[in-house]
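The first chain written gets the first letter, and so on, giving A, B, C and D; residue counts start at 1 in each chain.
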């Protein structure tokens, strides 16, 4: 892969090894420029304007939706702009789940889920008297088709699983799980927040019913994410929020709604954000997922190999297929370690990564997570590994 | 001369002030299609009677700007009496014309040619297309019915 | 007022008389620069990072909340960042309203409301069997204290009113209404989307219970708004969305939430947007509301005086106290007129302005709306008036 | 020398590895305060026995990084036996010190002075403050009780 660092202003301003992409990716010039274009040239509202500037904003906003629809092989009206992946995943539970879930129904989730994909269903299930069922994880911590078969029943109504775990980096066999779930007439909600930045997604091929992701993890701006839903399902869902731009006719005591996607997007949408998101998608397409995957694999393998040779380092996901390494320095709290890395200008994350169930499953208080993206290179891995080694010595020496 | 004069041609104003075939009928044989333009509130219903492959009658009703309302009237007088095939071709040509796509110039758009000026006002293209889109949907419905 | 046009890049790029602030304000350099600072210098996630960059982002995000709290004399934990005003107003209905509203209760709204402040209550009332009560508007279309007294009863639970109407520009006597409502133990939700950009707001003085506004109408970016709520009420409200960062401990079958404001902000927040919003607030403070109000009054009065002298122009709100003029050219549909203005490089809005109830009350199909802000000057008004005159002649001549 | 050495002073490491006064008691006379650091998951409970204007005992329990856990231990050994007034002054001085505010240097912070290094690591200031904030809240509770 050609050196991408030059595309990212922050990497040209300071010495930084950024290994926290799984939290948020850095922002490339192309996306920043696009945001500036909106704010400098047509910073106006969409939809309701009949003058040229507003027309330009409306067109750009609509083009953004089409670009993102194309990116996952969905159609225009199946792409809903939300505040982010969390908001998108909640919409599935609060609108679709609220409508269909009945007492005694079962909802399948996993301990690999990010809080944003387990809590909405947990709370809904409690409210409805439905049952939350956890897929038993494999010894490595994976969701397998076999384990899924064990929990899938005629009472399963919803399957809510992550596509790529944000801690373990494992890829869930969503396509096969969806096929099985559909045989039981269950619908499948996919958290693709960690998949969309790193894997080509074709919703027709997966055949999943809902799928969500965030812009800020894939070169895009903060403040916007996407919910994909099958049109047939979106059509029967009620809007959650009511107000401007989602309605057709409004009377004093009733109103009717527009069709999807508009009925789910009340008020002024995240205009600049959606336009910037589309530019981020174009940036990804230009690089291509083949190159992205190959690059991340190379970096990951190099890092895993080196880490495995350092005594006193535990890797929790040595076999992951995406660019995430979940690890700890034995006997050192990850927050202590992270300050060491920080002084070496290495940014990575320590904590529960919004996945407390998995951290409990691993039976540790917290972990360190290093995650890679196109702007990382082999020199970054060298710096990282060198820092781990010195950290290991440092903490041992001072008595941890 | 104000730019806008190229848009508000006399034919358009005539159809706006004196709409032809206006008002819906209470007749089940007609196919009805209703389209709204979310971006400006235009709201048009087109009602069409198709028999033996011919467009026997077109009625319209709705509210909106002059471009939107007049184009429903122009459509109704232009396509009434045409075969379904002809109507389809005219509709396609017209929509291509206002969206600045290549269109078959051998097809006579007659009064509807007056809307060519709308291409210079992209924010108004929707106004000029909404009645025709509703009619296009009608033809689709009709062909599905025939297929049954 | 000094000439502010130079602060707005779009006004230095093209000939533009922008009279659509009530839809979205233009964006000043200061805010654009602030967004760039985030994306160029610390484009990372907040809350969970323990490294320096993330610390900087977290501090900036928290400072933004404090800046906005100070702006309306609220405290830090009373300011919730949302997707926008619509989302904020829905949160009041979907969380607080959902919790307290019972069959037979009454909710007072008005025909002046933006759809985003009437539909949430309309739909909730329908669902709960509560009654939606409309304050009868005065002949001019105003909400008066006297009319409010007529509809306030012991059954009133919620009063949901706009502070400044987005079509008529009228200011509602919120303070007096709140005093009366509280005597009946009703709570007051205020839509301040059109007030916050143009009036100093002190929530303690108003004593209202909830208040919402959007950044994009007050020099800020798209994608963010604010809900203010009294802490006492926020404390008893349930979160609407569940997920990352809003929880404390997460167990498989239950979880508990953080305190306000965090329990209402699941997932990665609109980081850049909140930071940009705070910069917008600083920009407003630098100018000062006294200067803003005086400037808008001058422009408005000049425009109203001139319009009143043009035959065939109807003004619907000649006595409004904020910089909004709602009008029509007789016998010409506003969408036709707006294209005329557009060709003269004047941007203003035609339609129902997301306030169909008011448009029905006015008994017109739609209206034109011109709205002013600090970047407008007297020359803009001259251009606008000249265009109205020529439009009047043009449309009369071609037979409207 | 790595930057971090200025942070992990020997006193801190000692209290981290050998925490004093650790473990909560099942005793109603104690005032309990629990604080979490949302940004990194540190979680500390401070349990205090106050009698006749004196801090008779302090216990602590929780999980977190070395800075967080050790500071609870340092706090407990430092403030045990002090009058409420003295404890208040020390707490205030300590919190000002780590937040780089002016603080009364005449007040002897003893072992707690070791945390001065945290000012160079702003992202860790919270870790060093959380136990003390919990104790500060305890004093507030106690004074409210006395006022009643």
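Assume a contact is a pair of C-beta atoms (placed from the backbone, for glycine too) under 8 Å apart; a residue touches a chain by one contact, two chains touch by 3 or more.
Quantities reported herein were computed from a predicted structural model and do not represent experimental measurements.
Looking at B-C alongside A-B, one finds more C-beta pairs in contact between the chains of B-C. Among the other chains, D has the CA centre that is most remote from the centre of chain C. Centres computed as Cα averages put chain B at a distance of 38 Å from chain C. Centre to centre, using the average C-alpha position, chain C and chain D are separated by 45 Å.
Inter-chain centre distance (chain A to chain C, centres taken as mean C-alpha positions): 31 Å. Counting partner chains per residue, chain C has residues 48-52, 54, 245, 335, 339, 342, 350-351 touching two or more of them.
Across the assembly, chain D contributes 40, 123-124 as residues in contact with two or more other chains. If you check each pair of chains against the touch rule, the ones that pass are A-B, A-C, A-D, B-C, C-D. Interface of chain B with chain C (complex): residues 2-5, 7-8, 13, 17, 40-42, 63-68, 121, 123-124, 127. Interface residues of chain C, counted against chain A in their complex, comprise 9-10, 13, 16, 18, 20, 23-24, 26-27, 31-32, 35-36, 39-45, 48-54, 82-87, 89-90, 94, 111, 114-120, 122-123, 126, 132, 134, 214, 216, 221-224, 240-245, 247, 249-255, 266-273, 335, 338-339, 341-342, 346-351, 353-354, 356-357.
Put simply, chain B touches chain A in their complex at residues 36, 38-40, 122-124.
Against chain B, the residues of chain C that register as touching in their complex are 333-336, 339-340, 342-343, 350-352, 365-366, 390, 394, 398-400. Chain A contributes residues 47-52, 54-55, 58, 245, 248, 258, 262 to its touches with chain B in the complex.
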